[in-house]
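Each structure below is given as structure tokens.
What follows is subunit A paired twice: with subunit B in the first complex and subunit C in the second.
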Partner chain A sequence: MAQKKGHRSLSSDDPEELARVPLQAVLLADSFATKFRPITLERPKVLLPLVNAPMIDYTLAWLESVGVEEAFVFCCAHSQQVKDYLNKSQWMKQPGTFTVQPIESHDSISAGDALRVIYNLGVICGDFVLVSGDTISNMSLKEALQEHKERRKKDPLAVMTMVIKHSKPSSLTHQTRLGNDEILMAIDPDTKELLYYEDKTDQSQRFITLDKMLLASTPTLHLHNDKQDCYIDICSPEVLSLFTDNFDYQHLRRHFVKGLLVDDLMGYKIFTHEIHSSYAARIDNFRSYDTISKDIIQRWTYPMVPDVQYFGNCSQMKLDRLGIYKAPEVDQSRTAQIRAFSLIGNGTAIGDHSVISNSVIGQSCTIGRNVSIQGSYIWDNVIIEDDCKLSHALVCDGVHLRAGVVLEPGVILSFKVEVGQKIVIPAYSKVSLLPQPSKQDSDEELEYADANSGVVESPSITSIANTRNVDPVPDSPDAEHSDTSEVGISGVGYIWSTTEGGHEEEWRHSIAPIPAEKLMEFCLSAHTDLGVSNQDVNSLPASGELQLDSESTGFDDGEDYKDSADFEKEVEATFQRVLAGVNPENVILEINSLRLSYDMSHADCAGSLFYSIMKSALSAPFSSNLSFGNLI
Partner chain B sequence: MPDVQALVNDFVLKLKRRKIEGSHASAQHTAELLRSVISHQRMPYTNQAGALIDAVKAVGEQLIAANPVELAVGNIVRRVLHIIREEDLSSTATAIEGLGLSAGSDDDDEGQHEDRPALSAAALAAAARSTLRAPSLQTLLEDIPDSAAAPQPPSSGGDSEGKSKSADKNIRSRKLKHDVIEAINELIQDIDTCHEQISEQAVEHIHQNEVILTLGRSRTVKEFLCAAKEKNRSFRVFVAEGAPRYQGHVLAKELVSKGIQTTVITDSAVFAMISRVNMVIVGAHAIMANGGVIAPVGINMVALAAQRHAVPFVVVAGSHKLCPLYPHNPEVLLNDLKCPSDLLDFGEFSDCMDFGSHGGSPLLHVVNPAFDYVPPKLVSLFITDTGGHNPSYMYRLIADYYSADDLVVKRRSTS
Partner chain C sequence: MMDFQVVVLAGGTAKKLAPLVSKEVPKALLPVANRPVLSYVLELLESSNLKDLIVVVEGEDAALRVGGWISGAYVDRLHVEVAAVPEDVGTAGALRAVAHHLTANDVLIVSGDLVSDVPPGAVAATHRRHGAVVTTLLCYAPVSGPSDTGSSAGKDKVKKSRYNIVGLDPTRQLLLHIAAGAEVEKDIRVQKNILRAVGQLEIRADLMDAHMYAFKRTVLQDVLDQKDTFHSIRQDVLPYLVRTQLRSEISANGLHKVEDNANGRVSSQNYVTWMSQHREIAPSAYQELLALSPRSPENALRTHKCCAYIASKSKYCARLNSIQAFSDINRDVVGEASHLSGYSFSSQNNIIHPSAELGSKTTVGPQCMLAEGSQMGDKCSVKRSIIGRHCRIGSNVKIVNSVVMNHVTIEDGCLVQGSVICSNVHLQERVVLKDCQEFGVCSSCCRSHL
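And now, the complex of A and B:
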């Protein structure tokens, strides 16, 4: 309410905006990506449950809470499902100022297309909020909107405000906690203008190239690699026309943002708004699904947490100690254990001696005896028979696991898959009732394919043939399926082969935590990387510390560090010449000039000199005492 | 009544989304909503009270479920139910007095039974109960003529005594609703004026040159202190800041603007300062039936410190915070866990919550509870709008304000 009043007063003292425009939002109910396959073949991503509520509910609830009055939901793939859901949901029939209007399109294959369609409809009349339907946030937009409006008044070229949040990427894997690659942004600290944006920093060579003009035109500039892009943008109507003008813009970040930043003819500017205390994140892949679910359970998204009925349609949850959320009608055996940070949906039955930890379990599930569920997401109406073991798996609606099934970390079981007795599904497998689509598959394929990420493109026919086990026959459940291949499923479902390029990425984006071996590998490679470039200095304890510094602060220090290594090498070489008989005076002069040219301090100089003395003392036999005497 | 339903839905949504928070605001809104529900309720020919009670219960159940932490909502629903019952009883009583055991009066009573003799017996019993019922201590007190600050009696049993005994049935049918709405108006007014009623008593409790400690910010406490200041008492206030929301800072500002000597201390310094304090005055979120208090987090610690140093621990709260439930009742949700971002900066700790590399289970957990429970033995005095009371007296006040049939609003209406 206060939000709205703020608006009104803002526009009333502004003579240009006498006609108040309602705050509008465009919600892209399609991710235009294939990350959530095979699940998204059957259900759109925005309707997938996140802690037992569809993702789109979180986004709509947030939009409503920040005072958006008109939300346009752009549906593309599975548009009918999205529309049906919206029609049934409370959002459509809610009285008051918040209206939801679906927009349907069947030929859009990217966010760019979607925005072009919206531009052609001509429904956007003022500044609007652009989010995708998988954004979770509890931030208040008031400040960001005001900043945006004020900037617009001063500078009509400021077309967009991006919301960013401080979040440290892992120093080992160089990916954020949401499983994205770390983003490198250059931001003007005074105006908050975004000057550079790179989300695919080259992992192998740890440097970036900044345009010289960038440094020339701005007096100061901060380089951040610890910011998370929340994918919440406040856009001016020009953004839509920009997309129409540049018909090759597809991806919001990769094309549009970078395009604007590079293009200095038009001079459009993008600004950033950093949020501190509130939460905002987007579900981009399975890892972020896992991370955000855990954030919700840990209540970072308050008030959008399970025990506050924010959306109204979910059942009342009760929060017990240690972050255990339980619906009122859970049939839990006395000997079953529910451990910390779990959520159990309504009507679920849990058998004797089962252990559930760090997991989300949906409604009306049946869990047998001695089942162990760890870090997994189980949606509605799932049947898990006795002695199953699930760790870090995602199990969709209607799946049936027969007794003794083991799901290794990272397994995705799509809708209604059945798994026969005592089958072990290997890590990172994806099982679906639908066969892996080939290139000439349905047009649904088209809708989902991200036009520019050719790597994740659906596999060719040959790779289908390579699919390790295609088992479309709905076997009788007890028939033990003995295939020659390692994987056997007696039941219903195809195991999808991982695409060639995707295999490397599998562990990065999976629900399962990064395996310990991978982390070790990273540790090692991080060490050897540095080792190669600074072999000589590695033995020095002092520079060992330096090494750590440069690791954490990133790119600029690396350069420095290299310098100092070179310097030490040079000093050592010069010193060796004293031993070889060159006049010490000359050498002193030479070292001094070295110091000046490398811009080192006296202490550095003395340190490296001392190091080289010690080194030569170690290597030289005792007989060379004389020459030392000379020098001293 | 589509418009009433819309109002109810709107309020339920606001409660669910935590747009209305705080006992005072939610109590007020609830009372106003129930008033409009009752005024729009179509009255049947028979069993009018029953119809009203059912309507209020149906709405009340939704409201309570929408935000179970906000106990004031449930309190007001129960108060309204109690008002309806009282009005019904008193009108029945007058009817019996006026008309005797005529058949006409039977229609107005609980029409669930079919046999008339039994029904009239029930009516008699009810009437007898109402007349034989021991007068509440409060009504006794109010009979004393010079009770200047005595508030309106919550039960209007006394009021209707003077109403015309030859009440026509037709008039009565309209009157019940009218009386109930009148009584609810009084209730709303009570909620509105509770701060003044409480702060009127401030001079009796705060003496010259006293040192008073409080934690966080409560509007009632603020008004209480300011009222004492207006009566030219000079005293000093220690304000514990009330982490993590630091409402104490706001209170300190407000007190200073009123010219009160204020010292802000951290919550952790309470024990160190308590020996210099003459009295602790705090607000409450709810007062339970056993005299226990649900109050902003940190107050239990203050209460324990006060007890250790034998400092009086005074709780000021309006009577709408009086909850007829016991803290061990399963219906009571005692606490609300708020967002951890009040405590920690998410960005700084984001590497502690990288679920990708720590075996997938969160190692860091932040708990940010909103409330504390203070057991009754730690409370020295309650100051409500009806005066000061002992914790052990709370059950008595509750008997005045609520009827035992309404304690569980939920179960009755679903059955």
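And now, the complex of A and C:
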């Protein structure tokens, strides 16, 4: 050991020396993001349970399995909690070859800062694996490491190998199933060198512009948008010094990777390693939390599945048919149903006639009668009283839902929130005991709350009835009023107003599946977009003067689509007002005048009306008993 | 090979080849190994059993000459119609002029200056197999410059050897991006929607558009009608079709609707597969969408396919469109691509017509050609060169890496290296020509060093 330390500075030059260096890993136990707020105000992201085990356990188990001997866990936000957890866990105790060392820092606000701290400590002496503590993988690193080392021997400028995996983003929403934005990469097919990387693509831009110099050294390159970045990097020690040299590098991808690719003076190169059959993904947002949980339950991550003991604190799960996992002590009523792809933790009781499907339930939860839980994640010690309905919600430890509570898709309830009787929490709401910090953008990179920062006026749960207008599904008015009186008695928590992205973007990263209307909207806008994009396409200067004629063909087309889409939207909006209680006679008049102003035919009008009717019927299946017949 | 009409664009008197071509020798009749360059295309087409041809020539005079030659050479082998079009109308203009002759479903358009052994039948078959609106032949870009003289500077090559930038799908059958002409030197701009549809785009700079295209006739005619500013097939029509392939503007007849596109690369299908991933989570949403999506069938995206046929690296493919290309092709046709020339080579790997006369101690090296009726004096040396018909060459003449056309007189002691000497040129004693790429018609030269 002493010898190794002495040679630290020389080690990278001599391959023999390299071979003797133990494989090290840097695990960032802080995501430097706020995507998991409000939960991460109280607990660090890496300790959040994923299928009833903290995320960091998955990452550490994987690091151990790939032969890492020393792992440095970098803690920043809630560092004490992370350290306490590690001290209690078997990672620190076990005598084997795998050692875990926490590194604590309080003033780091980005991955860049973290790596600079690690550089200053001087603990890294060879190639190391850089992951964040929310990475789930079962890949073998052997091949990638081998490739990395061989490249290093030939070319000392090859400082990093990125692991990528095939994953095609949806053509409508342009995000992957993990909820990440699409990534554009250009890769040299022969050397696998990364030539271009873009993860925040400008959606308004219809072209990708690649520098012509990219093709100067290689005749061929592959441009991908069907690859997913696994955020597992094999780095050479130079990476750390690069971060120190460029003190403004903060983000691993946005600054470091792009910085290296753009900078041709230094000539550092980044390579990629594609995995095909093994699993690797990172939990970046609530949607990836949902997707990866399902992948674990469906055993894509084997051996990291609930019924295999890969780290000590895992209780004995039993796998039944249809992907149902049950802890040994589950108190399940005879009439309760547990459906496919669900997991029930130890000591949980489920009452009569309750139905659970596609959900994960933690330990020591109490679930009452007639409860329906679908696609949801319920952590430990949660009490759900009778007749609650949960769909696609995330419920943290110690939450208490009183009888008749309805959680609409995408709801997040943070620790120890209590919800009063018969309250409906609108879709995509986030409820926490802590008030929402006001300055969102200034400390965007921080995972923990800044205690001194101001607090916005968050509506407390007692005022929930007043915020009901956010609710996209109109409910019958009398139910709403009956709520108000009882909420005040038992509700505890603040409803957070939606953050930077606004309500519009909330669905992208939510646990809930993308609503059908949203996809429909995209489907329609894809048409209009393309129509408009034709102008763009045609304004490409070719040798002929294309601009003139393009205006006449492409543009008209686009305009037309726009008109009809606008018209439909207008009609729909007007129609919604009938449901809201406006006199149908007036609405008929309005729709007629709309038809005239947009110069649409009766058939178009009837079609749009029909569409609006069907759409509202979809979104509120039980609520309306109005007769629409007189409208048409 | 049913229902394929062939249009050979034979050009006129291209300015780029200025002193080589003239009123007497239009581009199509430039000699390559002592045969007009057009004969290579015609025989290539004949070998794929494409015998009904329209040869379009710019300029009436040139058309007469080309027509005269074709009717003489191919009288009972091919059915050729020669059409004259005005000069400088461009390739698109030339096609507009003959558009009314086109009746077949598909049209194969070949440049008359193509010297290649890539079977046009393969391009046509690819076209038919995919039901494409256009299929283009791509071949590996030649490394320009004479390989042995080393005259072209190495650093120049990187820039020069780039002809096109093409984008292909992973199967290398669909043409998804093409930059031609001035675009090539700019940054590469790829359309996002096309990338999204395929997921992976292979961008290559080592391929060249060989100017052999199969077009769906209706589409070609539509584009030529609608876009009257289009001048060139290579730079306007093809790039236009490629970049509008996901949003076709051309009229629908014979075009594929998204639904019947079997390739799975078009958005609606991806969208359905994407939905099906989510089916188990939200089965209702899935069904609603399927039910709702064909709500407006007239809004369905119209797409068309652009395909590429990539010739294998072993195939020869070059276009005679510059003087450099002229000497390169002449060299190659008696050299590495000798199977194209149609001659049988002697054991010394050269062709010496039986009627040629050689003086004593005159050597003709391999990869040379000496056509009928040419005479050479004593102690001459010919290396990697082509000498035309009825040339008179004195003694002690050295000819290296050169093309000497017909009826040329070269007197004693001349040195010709890396040069092209046109017909009827007279070189007097001890002329030295080095890397002198063209030598005008009927000029004669005294003792000089060029």
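One rule holds for everything that comes next: the second predicted complex is superposed on the first by the 457 of 632 C-alpha atoms of A that agree within 3 Å, B and C clash if a C-alpha of one lies under 4 Å from a C-alpha of the other, contacts with A are read in each partner's own complex, and residues count from 1 in each chain.
We take it that contacts are C-beta pairs under 8 Å (C-beta built on N, C-alpha and C of every residue); 3 or more make two chains touch, one makes a residue touch a chain.
Source: prediction; values computed, not measured.
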Just to be sure I read the superposition right, which of the two partners does A:Gln316 touch: subunit B = first, subunit C = second, or both, or neither?
first
Looking at A:Arg287 after the superposition, I want to know if it touches subunit B, subunit C, both of them or none. Which is it: first, second, both, neither?
first
Of the two partner chains, subunit B (first) and subunit C (second), which one does A:Met520 touch, if any: first, second, both, or neither?
second
First, second, both or neither for A:Tyr302, with subunit B first and subunit C second:
first
Considering only the touch criterion stated at the top, classify A:Leu210 as touching first (subunit B), second (subunit C), both, or neither.
second
In the superposed arrangement, does A:Asn358 touch subunit B (first), subunit C (second), both or neither?
both
Let me test your reading of the model: by the given contact rule, A:Gly375 touches which partner, first (subunit B), second (subunit C), both or neither?
both
Touching partner for A:Lys165 - first (subunit B), second (subunit C), both, neither:
first
Could you look at A:Val582 and tell me whether it touches subunit B, subunit C, both or neither (first, second, both, neither)?
neither
Contacts of subunit A common to subunit B and subunit C in the A-superposed view 168, 170, 172, 177, 226, 358, 375, 513-514, 519
Help me check something: in the complex, which residues belonging to subunit A touch subunit C?
168-172, 174, 177, 182, 184, 186, 189, 201, 205-212, 214-216, 219-226, 358, 375, 513-516, 519-520, 523, 526-527, 530-531, 533-534, 537, 540, 542-546, 548-549, 553-554, 557, 561, 611, 614, 618
Which stretch or stretches of subunit A touch subunit B in the complex?
1, 61, 65, 94-96, 138, 165-168, 170, 172-173, 175, 177, 179, 226, 228, 276-279, 287, 290-291, 294-295, 298-303, 308-310, 312, 316, 318-319, 323, 340-341, 357-358, 375, 392, 512-514, 519
Would you tell me which residues of subunit B are touching subunit A in their complex?
6, 9-10, 12-13, 16-19, 65-67, 333, 337-342, 345-348, 350-351, 353-362, 365-366, 368
Quick check: in the complex, which residue numbers of subunit C touch subunit A?
158, 162, 165, 167, 181-183, 185-193, 195-197, 199-206, 226-232, 235-236, 239-240, 243-244, 246-247, 249, 267, 270-271, 274-275, 277-278, 280-282, 284-285, 288-289, 292-293, 295, 299, 301
